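What follows is a group of structures, each given as structure tokens.
First chain A sits with chain B, and in the next complex the same chain sits with chain C.
Now for the complex of A and B:
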């Protein structure tokens, strides 16, 4: 598997995701600067977390229109897998690769803590390393992760099984108490309808090495490598 | 020519920031306040001299970047 990581001014999880990918791929991904207008030929493009363009206007809005994102969208149309994490989720959503929008957290606070996620779908390459209904522990670190969309779109997302992860209790129950940010239906990550694009607020790359306190995130990258190699 | 853009949250979209502002106003003794909604105001200069074309251009900007039409409405006003 070959991968690329997009780097915007203000990205701050680009190296974390690069290390996590290298660990699973056995070779480093290509790092692609936002002003570049050419993408190397890859199987996976990761859009990392951070505060691209200082989160001006709306989170991810400016980055979504940077030169490299035109190429990312073109690659997405051809079926290249796209993974957006945290700010990367906001960027690819603003770019129109996914439905909905990430709004300010319900209680207005920046939340940085480990949460539990229930894996809703294990058939995509992104989630191939997990089992359906498996509960994993992954950190979140965001102020705008409150997933919102209109009723019709939410119904379509649910009917088509486009939810990848939901915030849940350690036992796997999807409850309001387990919902850290007010996201509709506890949605922590969604696919596009072809399951070639995944956006998620939690950071699997931050729990992909025992030194970091856990390895639940690593299964995502191992699963991707196995599915896309 | 100048354009003024008001970007507001659509009806039914929760606005926790507006709610927090409302609570703060209540705390300051402004008890008669309700329904606070927070939006954005953007002002920009245009080289265009055609009002109709200018308005259309700014509306294009709103759809392309300035507003997220999933949750926001926009209103454009062109002034001399």
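Now for the complex of A and C:
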């Protein structure tokens, strides 16, 4: 598998995702600067967490219109897998690659903590490392992760099985108490309808190393490498 | 207003915070009357904040050297050797007054400022910490201040992408009108890539990079050097506004430039902005400097020379470039879309010459101004220490009631509500998250780590500044030890009231003496620091608060220890408690929270004991003997055990703790740790302690869902958790 990581000036999880990818791929991903207008030929493009252009406007709204995002959209149309994490999720959603929007967390505060996710679909390359209904523990760190969309879109997302992960209890129950940010239907990550694009608020790259307290995130990258090599 | 032509009045001198004798000195140095620009420069350079005029005499007594100290106080931050050619660079700094006036921006720019102090020396920031003090929870402003400060710290740190990994928080009515916001940054650099601020090379370009200069923060340093009155909120315009995105760009651009061979010296523009940075760089290098203010990137129109020199606009740096490196540097800053301007040159005149619109608007001698910087030996009186409180004179309250009460009291309750608002995991090296004894951050790409802790127990310092000063240092040392670290050095952030009052000056003198004594005994020097005085409102001082930030190294991150009880059946051992003495209840939280008493002498710190016990604990960790470790501090043994039980969700069954029981359970004797070891190792550990003359005593075993005493009385962990976790969210929601 070949991968690229998009770097905006305010990205701050670009190194973290690059390390997690390298750990699974055995070689480092290409780092692509936001003003570049060409992408290397890759199987996976990761849009990392951070604050793209400061996000003083709506999160990801400016980044969605950057030169490199035109290329990312073009690659997505051709079926290149796109993974947006946290701010990356906000960016690719603003760019129209995914349905819905990410609003301020329900209690209006930034939240950084481990959450449990129930894997809703293990058929995509992103989730190939997991089993359906498996519960994994990974952290969130965001102020705007409250997934929202209109009723029709939500129905379509659910009917087509586009939900990748839901916030759940450690036992796998999807409850309001397990929902850290107010997301509709506890949605923590969604696919596009072809399952070639995944956006998720939680950070699998932050729990991919036993020294940091967990390795549930690593299975995502191992699964991707296996599926895309 | 034409600042140059205006004649200086007595009123001008006063509003610039200068005394008559200081003004007389200015006249002598200048050989003429200064203009307003020059007066402004003297004012900030001689402010308490920049000159340390009241504390310098005493700060000089602190130990600042050790074989591993690369750079002690005097630079932007201190530097220590942490092995493998790497250096840790760190400092703690206060942003108290701005945070009280405008909590979000005050706290945010406090973080921004301390980050710049660290990366200006070539270090990539890898961890932020903070030490916060707020007024009584009942005070109508406290919630607003807590909420603003926490979101300001988070808003800045989260965006720049440096994890905020820990800190401390106290509440006390003495901070009602004057909160403390002390922020610390730790960075990592290659030892051969450390940058200093002494300017050299006549003709070299003086370069301004970062944000544009606006009218914000003019006279911040002077404000930070005066008491607050009822009108303090009118000072809001002097609070700067932070832009963490620009700071992030500035970090990356500076790191990129530092990787080349272009920088001769560099300094951030902190308090007193362009004035102090240019002045200090020239002064340290024995150079002169000529600045053309027309070249300064400006955010607003028609800015005067006075405004530009005194603005504290954030996210700016001053760089002296090596000859011919201008284009290379400019390209890097343009890539990061930051302002870059050559605003002047170094000269050999020894003078600072400022030009604006083609005219000289300021011309001051650098050395005489720096050397004449006032140093006061202010009169002081020693604090009279209360007699020792005897346990027999303290009411013995049912331990279960006392423990429940303490676990949910504002000074002990879980700080989760705060640290969940900080991104404490970004950079993917946080090995020990907030909530433990010390934060542990892996040194990237290695199996080693840094342990970091900030501590101070202001009520001890108030009761006995000397012992309190010792205790603050010893507690960071102990916390670093408790996670398995080798403590190496500290930064000190000395927050006190008005030094012109002899009792306050006495607190400063004695606390510094205590800090120095502890540093010497523990081989734990001070490598950087900051002094914040005049923390008073309407004449009421804060509790003396010398916050200490300690840094240590873990040579093997796999040996890191945490507070959580791990396995049922482990043996619980108390280390460091002499068996014959009763527990120390004077100044304890038991006394304050349950009996509303704030009296007595605080627990003394026996530094030889401290070192012996700590070295013993660390030794056991290196042998892999310890399954959990927690130092004992606020709330004593009972609270320490409860915290270990909560972290591991596992109870313990305890033997009789001895008599008088309340003093044994809640006394705050220093130099103690609770350990757990596998049952099979217990005898070895106790025997080893005996050999090394370290008091150690088996307390019980882990297991169950309760904390149970030998007499069968018990408290459920689940109940304690509710009280411990519940206080902060309930309080902040306004329901308590």
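The rule is short, and it goes like this: the second predicted complex is superposed on the first by the 229 of 229 C-alpha atoms of A that agree within 3 Å, B and C clash if a C-alpha of one lies under 4 Å from a C-alpha of the other, contacts with A are read in each partner's own complex, and residues count from 1 in each chain.
One rule holds for everything that comes next: a residue touches a chain if its C-beta (ideal position, glycine included) is under 8 Å from a C-beta of that chain, and two chains touch if they have at least 3 such contacts.
Please read all numbers here as calculations on a predicted model, not as lab measurements.
Contacts of A:149 after superposition on the shared chain: chain B is touched, whereas chain C is not.
After overlaying the two complexes on the shared chain, residue contacts for A:125 are found with neither chain B nor chain C. When both complexes are overlaid on chain A, the residue A:139 reaches chain C alone and has no touch with chain B. When the two complexes are overlaid on their common chain A, residue A:105 makes contact with chain B while staying clear of chain C. Counting residues of chain A touched by each partner, chain B versus chain C, the larger count belongs to C. In the superposition on chain A, no contact is made by A:202 with either chain B or chain C. Using the contact criterion defined above for the overlaid structures, shared-chain residue A:88 touches neither chain B nor chain C, since it reaches no partner. Once the two complexes are overlaid on the shared chain, A:113 sits against chain C while remaining clear of chain B. Residues of chain A that lie in the contact sets of both chain B and chain C are absent, per the superposition on chain A.
Here chain C touches chain A in the complex through residues 151, 154-155, 158-161, 243-246, 248-249, 252, 336-337, 419-431, 433, 442, 557-558, going by the rule given at the top.
Contact residues on chain A toward chain B in their complex (touch as defined above): 57-58, 61-62, 65, 94, 100-101, 103-108, 148-150, 182.
Here chain A touches chain C in the complex through residues 9-10, 12-13, 15-16, 19-20, 49-51, 53-56, 109-113, 139, 141, 143, 203, 205-206, 209, 211-213, going by the rule given at the top. Those residues of chain B that touch chain A in the shared complex are 13-14, 16-17, 20, 64-66, 68, 70-71.
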